[in-house]
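We call the chains A, B, C and D, going by the order they appear; numbering starts again at 1 in every chain.
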Amino acid sequence: MEQSVRECRSASLQSICRAPIASLDCMEEFQSTAEQLCLQLTSGGLQGYTTPTSVSRQTSVVTPGLRYRNLGKSGLRVSSVGLGTWVTFGGNVSEEQAESVVVAAYDAGVNLFDISEAHSGTRAEIELGNILQKKNWKRHTYVVATKIYWNAKSEERGLSRKHIISSVQASLARLKLSYIDIVIVHKCDPMCPTEEIVRAMTHVISQGWVMYWGTSRWSPVEIMEAYTNCRQFNCITPIIEQTEYHIFCREKAELYLPELYNKIGVGLMAWSPISMNLISGRGEENTVGCLTKPSLKQKYGSFSWVEDETTLMNKDERTQVEEMQKQREKLKEISTLASRMGCSLTQLTIAWTLKHESVQCLLIGASTPQQFYHALYSLQLVPKINATIMSELDKILENKPVRPPMISTLALR
Amino acid sequence: MEQSVRECRSASLQSICRAPIASLDCMEEFQSTAEQLCLQLTSGGLQGYTTPTSVSRQTSVVTPGLRYRNLGKSGLRVSSVGLGTWVTFGGNVSEEQAESVVVAAYDAGVNLFDISEAHSGTRAEIELGNILQKKNWKRHTYVVATKIYWNAKSEERGLSRKHIISSVQASLARLKLSYIDIVIVHKCDPMCPTEEIVRAMTHVISQGWVMYWGTSRWSPVEIMEAYTNCRQFNCITPIIEQTEYHIFCREKAELYLPELYNKIGVGLMAWSPISMNLISGRGEENTVGCLTKPSLKQKYGSFSWVEDETTLMNKDERTQVEEMQKQREKLKEISTLASRMGCSLTQLTIAWTLKHESVQCLLIGASTPQQFYHALYSLQLVPKINATIMSELDKILENKPVRPPMISTLALR
Amino acid sequence: MEQSVRECRSASLQSICRAPIASLDCMEEFQSTAEQLCLQLTSGGLQGYTTPTSVSRQTSVVTPGLRYRNLGKSGLRVSSVGLGTWVTFGGNVSEEQAESVVVAAYDAGVNLFDISEAHSGTRAEIELGNILQKKNWKRHTYVVATKIYWNAKSEERGLSRKHIISSVQASLARLKLSYIDIVIVHKCDPMCPTEEIVRAMTHVISQGWVMYWGTSRWSPVEIMEAYTNCRQFNCITPIIEQTEYHIFCREKAELYLPELYNKIGVGLMAWSPISMNLISGRGEENTVGCLTKPSLKQKYGSFSWVEDETTLMNKDERTQVEEMQKQREKLKEISTLASRMGCSLTQLTIAWTLKHESVQCLLIGASTPQQFYHALYSLQLVPKINATIMSELDKILENKPVRPPMISTLALR
Amino acid sequence: MEQSVRECRSASLQSICRAPIASLDCMEEFQSTAEQLCLQLTSGGLQGYTTPTSVSRQTSVVTPGLRYRNLGKSGLRVSSVGLGTWVTFGGNVSEEQAESVVVAAYDAGVNLFDISEAHSGTRAEIELGNILQKKNWKRHTYVVATKIYWNAKSEERGLSRKHIISSVQASLARLKLSYIDIVIVHKCDPMCPTEEIVRAMTHVISQGWVMYWGTSRWSPVEIMEAYTNCRQFNCITPIIEQTEYHIFCREKAELYLPELYNKIGVGLMAWSPISMNLISGRGEENTVGCLTKPSLKQKYGSFSWVEDETTLMNKDERTQVEEMQKQREKLKEISTLASRMGCSLTQLTIAWTLKHESVQCLLIGASTPQQFYHALYSLQLVPKINATIMSELDKILENKPVRPPMISTLALR
């Protein structure tokens, strides 16, 4: 069984890289209808795209290229693209506009909504809860993922059974849902025993408040330790690691997480500053800054997940400037390639991420339906990224991660 | 103890094949009163049978030949014949008529009602719930079995903890019961880890929503894997496999399930197109078609359990025609035998199924009390099917399954 | 620890056989006040006994000789004498009278009330519930034990998860309590897997409905199997076996249960037809009949626990008559001994039972407070039963059980 | 991970002994703001101290020297000083005054409130519940610890599942909280199986009533046995032992509990008659009496935890008088040292306790805010207790515990 699941899964993962000929029973259900829609969609930027008004969930008409996959080796099937609500419920977006983005995503077949409290505080949960209540979609047609945040500076004072339980209860109340599909523990707390974390996560699942749990920004060793503790204490294992993954940040997602998926069934939910639309409306200069991340430091510096960027910032300034200069040049080359393919730089980088088998779900963010459709179009680029284009990209990027002869995975967090 | 249960059980299973002389304490409680009723019942088809008006549950007057047996190696005791409500709550049957069938079954001593959502959608649960509420029978006097359906095409998107929990909650609400006796997982989802399934089934049992769980259309290997996972994670093991079993479909029920019963206590709840009354009112031609099943393809094609009939349909047409011709001739011979025994073809085939020790409960379906009584009469035929008749039938059928020298059970699903 | 508990316990068990000099900290708290009351109590039958009006639970003034002991190796401490409500809520006793018996027992320091549904049906639970609600005693000051009955003839059809859960829920509703202290499974069902029983008992405890569970009329092998299953599936172990124990029924209580106590911590709650007052108001002739039990056959024949008396009844009549004649003569000799000690035959036989270390709680029954006090007085006889009197009794009875060279414990049920 | 936690922890434990230079990320968050307040606080007794009116929890302005640490190896972080409400809710303190103490503690950054029912009965829980409800502080900003008491003389009759569950439910009702953070089992009951205790504690945690559990007055062997049982039955392990620790009572806290912390993660919550303010307003004469404890016998003699002082009282009177004389002289020397350091005897002894790494949380008691601030000032003395002063104190005390060549830990309870 384990064997067959793995084979079946790896088959399904391969299938998105090929032309839609292979007809794996459980994977291809939306294939044919999807083909029809395919032609309606424009190939480029924001302007040419029109809202697919006739698309409705009942008729299974979804966005071309969108697939439904099991998250990790769990039974939960989500769309290969999820809506990361980071910018949707951010400061400048009105409630009406946020709703239009959520509705656009749902109508396009996206069934996963991810909440990043770190960016928008508790407002994201409250507003998403309002939208879900208003729309009254059937509960089994969507999947809500939210996070447990902690940091050493607030009164929550780190991860603990107390903090996990009260966080989940508070999230449930704000979302006005009877259960949350996935609760993601954001950063591992080295001061809290892993036994306490896995027991508490199993507790909130046993209470019926939560269906699955995952991690974000945990090192492979920390995830492995959680798994080991789950096995030791007969607890429920995590199903995903949510991690940053883009052209300039590849090592964890390409080297270590596929191994975890094979060994313990933990899948990969990816996001990037580009896919989350954190750099929209700024020049390419900003794109580089965003991807090398020090710029985030000022804005989101109060949240723990940006703490370790200090490492980068502490590099002497000359090195930083040199590196950003190099990446700027690489981005220019990729832009040229994107133009050649008739798409934007953003679309090409998103498609490049989706191309990688190990990404089971990529979060894309948007503050308007147009931005959302723009990113979503990347799904159709995936088949176009053939071996030639891949090798061309790798030549530009020069950062294909290779496993070092002997590596301490502790350094990867 | 394991030993004594097995002996006791096999003794009880044997007892229905013999004349009612053996008086195994725990099995024979209704024997004597049953004898009296026995004479009132006619031997043949529908015409001669009269409703046993004086039969009431309180006085333990039940149908002759009806026994109560533990389902699998569980403590749950059910009547050897259960009501499969497939056609009862089907399209053409009025609510009053459906109620009369359920009441007839209950009054006859049948304590198991099985719901097949695949056929009648959610209507079956709602109507059965209404009847049970109206009749107000004591909860411990009946057993309700319902199913968890999933398929890759609907938005439920496969088995998962999320789907199992929400299915059970929805069934409970429709049935208006405080608990369901048996929840049956219809088809195994190779994409969903077995650990997730057994943990979720144990969860719904621990919540008090469900008492027992079973499977239907799982291969012996899949059932064995579920059992192994239950043992590994200290979960509650399934008690039955619900499977098709009739004169033209014998391998799984006769070769593999008895082995599972002996080894891991999973029992057999059988049904067949004939016992479920799916062919009533049609000619024998249709009986063959129904038993070889391609005819079902058109009607119930949207449900996953008929998917693999494609195998049969894909055989080249000439082979199909030849096979149906052969079976038609066999049915003619069996009809002749039935007439000789003073019963209908339907009754003889049902009695033949009941004769097999491994069948702990056979589901019979009916859209009228008369149809129900007609099928129920088969119970009285069982003692008449002696070794001579059995060998005569086997000679006609020519399909007594034998275990191949070396077999991959994977092929059986 | 195990060691120290055992030592401490066996010390405490010995202490009731000695003069109250030893001052084991945790056992002797009521000793001194008890001494005072001791003198007020008459030595003989019903006539001379007066209700101890000044006795109130608040002041810890309890009956002399009454001790509080841990039931089995659990933390639950009960009075060494409990009230068996068999005759209290029987047919002829008015509600007022039943209440006066319960109040008398409570005021005398008895904190355990045992309900035997087998005798009085559901009335016992309802009436005891009414009394407890009316009296409004603090919940921690009393312990309620009730039973799960099943038999092969009723619609409950044997032990099962379904039956156990619904029985407990029904008992809770009748008793109007938030939890039952001890639920006792009456007779083991060989058709129900032990795993199912121990999982279901652990379930009702985890739900908070029940605090502890025990067995009655289980063979030592069945109890051992339950214990093994509890250990295998991490379930909660039973704490007592409730069993019949009197001068003519000694083997199980004296030979096998002490071994179980030592090995797996299952204690002994004893009852006898004499202690339960089932023979009050009849002559000695009836005492013999009652103790050899065929007389019970007619009255309580519909309950499973008297089923195996058939063994005795099936002995040829001459043997039976001879045996009863012998026991009649023995009873006469014991009566003489009782007169010499200034007490009744009933009191001497009860004191004889209490004298045995392995009896942690003896149930006594009464339909009036006077009967209750009469039996309760036996506590004061215990110190008077010295080695001389014990050997005298053993000489009369000639039935001190000895362990056979090699025994199949299966025969003991 | 285990390794890293331990290192991190021992680093953090060391950090309080040093000047606040080391900047261990997770420990030092309040360091800088704390520095500012430091100067406002007076150095000596009650007189010079003023309430820090501007201190509010929101701005993270806390008392200088106060740290937040994980309790045992759990994820729960508490202030290094907790409020022991022993005298706060004692007989002579009005509700208004008690509230002012609790508020003062909370505003000073103390987030742990410990209730000692033994002293103030149920009043403490009721009054603390009222204050918490009135103040409406966010639930995650404070930690409530309460106890399960039992003794052999009351009707609770020892530890048991029944007693544990009903105690917790009663405490919850009195505190009017949805959960208690820590429930501490006061004294181990040798008559109750450890399995029953750890299962019951895990039950109250699984019910959501309690977050963590601990012990008080358990011997190291008893704690180790609880841990072993937790591992055997997959139960939740205790996180702290609450124990008496002061200059004249050092052995358990200094020799045995650090070992338990290292091996099984059970931390140390300390209290002493001095830190709990049980001797305030009396002369030094009384301090000695209090620390050598026979004086407590009269006042709190009805509670089990003072039972074993009888050992001391039973020493012949001459020895007692001699010992008290010696300790009186030692206290005089320490007083002199305190004056030299510009603090009171009380403050020096509290600071001495806080100096010890193994004390994760020290309970201090107060009946007025002034008393509380007086004791709290000790935190600032800790860095002043350098190696010279420590050796001077050890020279005076002459009681630095050393592990005997071979010891039976059973004697330590």
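Criterion: a residue touches a chain if its C-beta (ideal position, glycine included) is under 8 Å from a C-beta of that chain, and two chains touch if they have at least 3 such contacts.
Model, not experiment: these values are computed from the prediction.
Novice: Examine where the copies chain A and chain B touch and state whether the two sides share over half of their residue numbers (same) or under half (different).
Specialist: different
Novice: Among all chains, whose Cα centre is located farthest from the one for chain A?
Specialist: C
Novice: How big is the rotation, 0 to 180°, that puts the C-alpha atoms of chain B on those of chain C, in steps of 5?
Specialist: The rotation relating chain B to chain C comes to 90 degrees.
Novice: Could you work out how far the Cα centre of chain C sits from that of chain D, in whole Å?
Specialist: 46
Novice: Could you give the separation in Å between the centres of chain B and chain D, each centre being the mean of its C-alpha atoms?
Specialist: Each chain reduced to its C-alpha mean, chain B and chain D end up 65 Å apart.
Novice: Among all residues of chain C, which ones touch two or more of the remaining chains?
Specialist: In chain C, the residues touching two or more other chains are 206, 234.
Novice: Chain adjacency by touch: line, ring, star, complete or other shape?
Specialist: ring
Novice: Provide the residue numbers of chain D that touch chain A in the complex, in ascending order.
Specialist: Where chain D meets chain A, its residues are 1, 4-5, 8-9, 25-27, 29, 57, 60, 68, 70, 73-77, 111, 138-141, 143, 181, 206, 208, 211-212, 234, 236, 265.
Novice: Of all residues in chain C, which touch chain B in the complex?
Specialist: Those in contact with chain B are residues 152-153, 155-163, 165-166, 189-194, 196-197, 199, 203, 206-207, 221-222, 225, 233-234.
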